[in-house]
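Input: one structure, supplied below.
Chain IDs A, B, C and D follow the sequence of writing; residue 1 opens each chain.
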Amino acid sequence: MLAFFLKRLIGAVPVLFAVSLFVFGFVRLLPGDPARLVAGADATEQEVASAREALGLDRPISEQYLRYAGATLRGDFGISSRTHEPVIEVIGARFLPTLWLTLAAMGWATLTGGLLGVWAGVKRGRWQDQAAMLAAIGGLSFPGFWLGLLLIDLFSVHLGWLPTGGFDGWRSLLMPSFTLGVGVAAVLARFTRSAFVDVAGEDYVRTARSKGLTERRVIWRHAARNALIPVVTLTGLEFGTLLGGAIVVETVFAWPGLGRLLVDSIAFRDYPVIQALILLLSAEFVLINLVVDLLYGVLNPAIRLRS
Amino acid sequence: MADPELLDVQDLSVSFPAGRGRTTVVRDLRLAVRPGETVALVGESGSGKSVASLAITRLLDYGPGRIDSGRILYRDNGGKVRDLAQEDAEAMRGLRGPEIAMVFQQPMSSLNPVMRIGDQIAEAIVQHRRLDRTAALAEARRLLERVRIPDAPRQLRAYPFEISGGMRQRAMIAIALASRPRLLIADEPTTALDVTVQAQVLRLLRELQRDLGTGLLFITHDMGVVAELADRVVVMRAGERLEEGTVGALFAAPSHPYTRSLLAAVPVLGSLNDEALPVPFPEPPAPTGPQDTVTAAPPVLEVRDLVTRFDIRGMLGGIRARVHAVEQVSLDIYPGETVALVGESGCGKSTLGRSIVRLEEPSSGRILFRGQDVLTVAPNTAADSASRRGIQYVFQDPFSALDPRLTVGFSVAEPIRTHGLLKGAAVMRRVEELLDLVGLPREFVSRYPHELSGGQCQRVGIARALASEPQLIIADEAVAALDVSIRAQIVNLLMGLQRKLGLACLFISHDMAVVERISHRVAVMYLGQLVEIGPRQAVLASPQHAYTRRLLSAVPVPDPSRRRDEVAIDDTEVPSPLRAPDDVPDVAPLIQVGPGHYVARHRVGGLY
Amino acid sequence: MTAPAIRSPAREFWRRFRRRHTALLAAALIVLIVLAAVFAPYIAPYDPAAADYDALLQPPSAAHLAGTDSYGRDILSRIIWGGRVSLAVGLISALAGGLIGTIMGLVSGWSGGWVDALLMRLCDVLFAFPGLLLAIAVVALLGPGVGNVIWAVAVFSVPVFARLVRGSTLVLKQAQYVQAARSIGVSRFKLILHHILPGALPAVIVYMSLRIGSAILVGAALSFIGLGAQPPSSEWGAMLADGRSYLGVADHLTLFPGLAIFVVVLCFNILGDGLRDALNQKLQ
Amino acid sequence: AGQITVGVGDNILGLDPTDLNDSVSLSATRLFFQGLYGFDRDLKLVPVLAESTEVNSDSTQYTVHLRRGVKFHDGTSFDAAAVKLNYDRLRDPANRLKRQSLLEAVDKVEVVDEFTIRLVLKAPSGVLLNYLAHTGASILSPKAIAQYGSEISRHPVGTGPFVFTSWTPDTLKAARNPQYWRQGLPRLDGVTIRSIPESGARLALLRSGEAQFVFPLPPETVQLIERDERLAIDKTPSIVVQYVALNTRKKPFDDPRVRQALNYAIDKTAFIKVVYNGFGIPMDAPVAPGIAFYSKQGVWPYDPAKAKQLLAEAGYPNGFETEIWNFSNTLNNRASQFLQQQLAVIGVKVAVNPLEAGVATTRLWGAKTPEEAEVRMFFGSWAPSTGDADWALRPLLSSRSYPPALYNLSYFKNDEVDAAIQKGLSTADPVQRKVAYDEVQKVVWQQAPWIFLSVNTLVAGRDKRLTGLTQQPDTALTYEEADLK
């Protein structure tokens, strides 16, 4: 187990290295002159030049990479060219809000999505199934910003119950996490339903019924658990994606998260922040997929991992 | 009748959707079970026995089948008579378990693949007996011990895929018994069990009847078991009840011609005591006399020192223990020869067979097919393909060996197409021919596995194995789920092919009477090792190994007048092939005791 | 009596699908919408780009069934034209991503070992690389045409499909019947095609039908952060995003494109369900 | 008294005014910092930390008398030494401050006495005080500069009406400066600035009462505010001009008739109505009316027939095809689309190509020579942060301002204009400067290197209880006199 874990973690090192190299090249391939952006819209040529020097962009690209790689290995991610703060701090300040938002959104979305999906699966073909499906599709075809604005209009402007945005206590978390979770819940609901319908016809579900178990137990312990295996994959992936920040929701609710940071950093060609963010995201994904793989084994003993 | 009925099925009809209409598979069935009574339901494979039992428990509701008419009267614990055909789902749920329990025919797919055996048993206990989980698990362990599963504490924690076919079946029985039902419907509960365990399970059922007054509806093909166990017998064919009677009366004077032919086809162990070679059943087509098909040609299959072990892993992948399923087995099979492989449930028979077709990865040893080591050939080469075509495996659990998403026709045609034996419409003709051979209607080509009965599935498996015209068939309990007449037909079919094509066969079976009929030689396995091997006559008539002797003594006799009330069964701890990862068992060499007759002389697990 | 022929799994599937009337209806509706988009020039009542400064933000009326937008353009016509872009984005990206991802997942789950490790780490990288970043890059490098975005979206659905399919493959690989087929000597390709893929397909189909909707909405998200379709090509997502600041002032600007997306997503999901159910031999 | 919250559209990137160039951050620093000079709300130059200034006759030496009794937030006193330290810090290229060009003209900073300072220039300049009035030339506490070093942008210590409390990515908080040198001010106890990028959410912030002032406001939402009697719309004429630069080096824009035709082809009133919901006025000179030395030329009339005729004269009777770029955002894209539609009427087919911010830097400023430039039409705006005609005209229209040096995207070159711009820059005499800039504006208007579009009105939403919070034409907010009833 530990060996497996370590092996995967060590396996992640080349991945991260490849990512770092890739990202380094990628951001520089993007058209755009960071120095010009740093210097500002009405900067003079000298100001631009001095900004370029300050960013170290006047040096040969190989030297830039070596510096970057060396610093990264030491855990030094550099200074943001947009705010002049150390990248660690820039990201650090926004990691927690993103984490909260993600956890809250995933929390309710997996619960609701899973429940809704199983419910629809149980009532397959009946009106409850159809209603759940319509709700899910509604959730899917609602763009986040639209829903977000509607919620703000209702709960903040008209009812005055919740703050319009910002990262400030649990009340500020309600609307963003709801908005963010809707899509996930919808996807999970549809997906769980599908997996559930496949499993519900299996013989072992019949066996469970023959034991006289309550229908709830039959559904949850026997059918749902087997249906969970594909759902886990998706949940893991959605979780990872959300950890990368939900740009739209963060923007609507002025949530100081990583997604907006990424967009802003890209718009500003803030190389150090982009590089560090993507490295962080890769690490997250490696970790999440590791957990998903472990979960496979837990859920389905036949595919337990051989390290 | 003095006794109040427990179950009284009246004019039950059940149908399934078929094409645009429905087909009726159970028609006007009448059936009664009294408390403490054992009713055997026998009949042709596919005659509707399983469907009828599903209808009684109303588990049919969860599939496409419908009860069209009839009443299912049941007298519950409170003495109230209810018509189960009319009860609502919640009331039925309350009845299932403590009132009516069921053992399903297909134990593999009927166990939840991701739940531990112990939990699956304990669950029923918790639900109905109001015990907490620990107590329930302790009770589950007791149940496993009572169905003679070795190493019960560990098997509690095993998953279905980790245990042998017979163990699964016993786990199913344990689940059904867990709730102490008043009516137990057991659908072929002992087909995958070796005779010793079968005897013990039957005894367990009798005890249960005695203690709780449980009524038992017992579906089986084994007339020996019927004779041994049943009070009354109901014979079914094509969805209808043909006749019914007490076991004595029915065996003595069957009234319906079908019943008569059924009983005539029952093989009796010892009937070939004087015959050295296998002899086909006296069934049509006219038998051809003794099976003198073994030639002096080099063996088709040579197994040398084969070892297959399973690592038991914890939740997170660490090895906790090791199952020594096959330990240094060596075995030759010659063209035209049938070697029967017998032995206690869980002793490694299937694993040996599966290793030969490379479904398991042996840890060491060699397997030569026509001189070519199949373990070392590169995949996807001609040699590989030749061996995969030449050796065919008939799975012990036929249902899970068929792709549920493919039609029977496609599954049977698959080996033909894979090896490019035929093309176009010829494939179709060949598939039909194969279905004919195993006694299945041709329209089954468009059926799906879940639309078949247990015996029909098994025959599809056989047809599929025959499709690629193999030189060697490994038949793992291939006829266990078939009624005697079909079984005779299939055995004769195999023998016919042997005669015609020199087919060799490794015949894994618990049914000693069939073994006697079909095999040239018999190999006995015990705890993963081969303990005795020799000409059939020698092994069965003068068994040398203590285990072989015990095995033979437990074979039930298909004659109710010779019913043994208490079989001599030893209740010693069941030995287990499970060992610590570095504890390798010693294997004694086989010593010749007669012409071609070898036996291992050493102590293994309490025997010598 | 002549026995029925051995139908291939695909034919069997089609036979079952034909009986699912709602799914057929949804499919017909999709075809209709696609046709409307294709023949937009003949169907749309107005030129989608023609502005009428005397009729800004008109609510729905007989002349403009869905009203006009902030330039006085006919919203209905824009929706009909916009279908071209939106449907292309949704369909192409979901299909392409699904196809590649499925193949990757099958190979990965089936092979195991280093192939699996390599492919899955590749997925990790793709995942880590936020889709939006690539979309931005594509927009930056190739210009803000929606066509370019299609590929970005497609690429980023690959890892999801790959992991989903790999998950199913890992489970199915252990199935007794797959082993049985393997012991017969069925070639790897056929094994995967006939025994593994059909088992993994339901998940793929469901996810794909979901993905079509979210791909259409990617356009909205891009417009929202200012990287939308190239004007004046109308596109549902962009219409939604642009109309959002008129919420409360002129709601029909968002209502109708929103409705269009909803209907299309709904149809694809119903169709997806039909396909999925037709794959399940136990459902009649 | 009271606390207010102000909603703005972008993130605050730092709080060191000398190292900032985005208007949101600069505006925020005005809570804490002041310069020697400043602008009032009509963009008139007013002394702040200075009391008066004497300029020598050839405009090369500025002697500034400083205000006495002013203290920084950290308790240290404001004096000439502090000013010298600040100015030298800003000028020193080694510090790489983004605002270093503000003091480009200065050769030396001399302390005359404790409260007098002299700025010696490299060449005569008439606009130095405008530069000193720029927020970027604010005075920071020397103690804080020494103490915080490179962290100074997170620790603003100045002389302004508010003291820094906290700053998280989206929220800046400031509290009343009790020792503020202006008696009785500020009136508010505290100010919070929140960044709300989505305009709908920003609007909601105001409507839900969480904020008392939001800027900018999408013009189309004004209606919603007007419906709410607690709220008011604040309109401020801006100095931001919206125009389309036409690359005068490229065919067909090298022909003045074509450029004029394009000016005739656009209905400016409709443009303002459609794109900005009516908030703006048509441009009637190359600079906005708020700029010093603005010289009104009259609006280019909307006359498509005339436009067609001019095109025909120039040899394009059937129009031509070209491309328009802009910085991609909702309003800019909307504007470009509008232009596209209007030009289509006279047969000019325009492809709209919105540029992502980063891409724009290479596409627009990447060309080293006019020949390399790919730009044809560029829709953009210019906000001359010094409020002076020089910075409003020179960077855009002088032939020395071709990219990458400055921003002359129309690659406009006119000798008269060049000479006049130079003349205006090199004297402090208002009369001479007026003559020069009148000339520039007249010629530019005739030559039409741009399509002259509009001067927008800044639209902000305000809670009616909030008074005294003024917005300047360059979008900066002045909090000093704000009060909440």
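Keep in mind that, in the parts below, a residue touches a chain if its C-beta (ideal position, glycine included) is under 8 Å from a C-beta of that chain, and two chains touch if they have at least 3 such contacts.
Protein names from UniProt, one per chain: A = Glutathione transport system permease protein GsiC; B = ABC transporter ATP-binding protein; C = Glutathione transport system permease protein GsiD.
Only a predicted model underlies this, so the values are computations on that prediction, with no experimental measurement involved.
Student: Measuring between mean CA coordinates, which chain is farthest from chain A?
Tutor: B
Student: Give the chain pair, either A-D or A-B, that is connected by more C-beta contacts.
Tutor: Per the contact counts, A-D leads.
Student: Roughly how far is chain A from chain B, centre to centre by C-alpha average, rounded to an integer in Å?
Tutor: Comparing mean C-alpha positions, chain B is 50 Å from chain A.
Student: What's the distance between the Cα centroids of chain B and chain D, rounded to whole Å?
Tutor: Averaging C-alpha atoms per chain gives centres 88 Å apart.
Student: What's the distance between the Cα centroids of chain A and chain D, rounded to whole Å?
Tutor: Computed value for the inter-centroid distance: 38 Å.
Student: Need the CA-centroid distance for the pair chain B / chain C, whole Å please.
Tutor: Their C-alpha centroids are separated by 48 Å.
Student: Please list all residues of chain B that touch 2 or more other chains.
Tutor: As it turns out, chain B has residues touching two or more other chains at 63, 161, 450.
Student: Two or more other chains touching the same residue: where does that happen in chain A?
Tutor: 30-32, 145, 149, 153, 201, 251, 266, 300, 302 - these are the residues of chain A that touch more than one other chain.
Student: In chain D, what residues contact two or more other chains?
Tutor: Each of 200, 356, 358-359 in chain D touches at least two other chains.
Student: Following the definition at the start, I'd like every touching pair of chains, please.
Tutor: Those chain pairs satisfying the definition are A-B, A-C, A-D, B-C, C-D.
Student: Would you pull the chain C residues touching chain B in the complex into a rising list?
Tutor: 1, 3-9, 12, 174-188, 190, 194-195, 198-199, 279, 281-282, 284
Student: Quick one: in the complex, what on chain D touches chain A?
Tutor: 11, 13-14, 19, 21-22, 93, 96, 98, 100-101, 104, 150, 153-154, 168-171, 194-198, 200-201, 204-205, 207-210, 356-363, 365-366, 383, 385, 391, 395, 404-407
Student: Once bound in the complex, which stretches of chain C touch chain A?
Tutor: 117, 120-121, 123-125, 127-130, 132-133, 136-137, 140-141, 159-160, 163-164, 166-168, 170-171, 173-174, 202-203, 206-207, 210, 213-214, 217, 220-221, 224-225, 237, 240-241, 244, 247-248, 254, 258, 261-262, 265-266, 269-270, 273, 276-277, 280, 282-283
Student: Give every residue of chain A touching chain B within the complex, in rising order.
Tutor: 1, 4, 201-215, 217, 221-222, 225-226, 294, 297-302, 304-307
Student: Touching residues of chain A toward chain C in the complex: what are they?
Tutor: Those in contact with chain C are residues 11-12, 14-15, 18-19, 22-23, 26, 29-32, 133-134, 136-138, 140-146, 149-150, 153, 183, 186-187, 190-191, 194-195, 197-198, 201, 229-230, 232-234, 236-237, 240-241, 244-245, 247-248, 251, 259, 262-263, 266, 274, 278, 281-286, 289, 292, 296, 300, 302-303.
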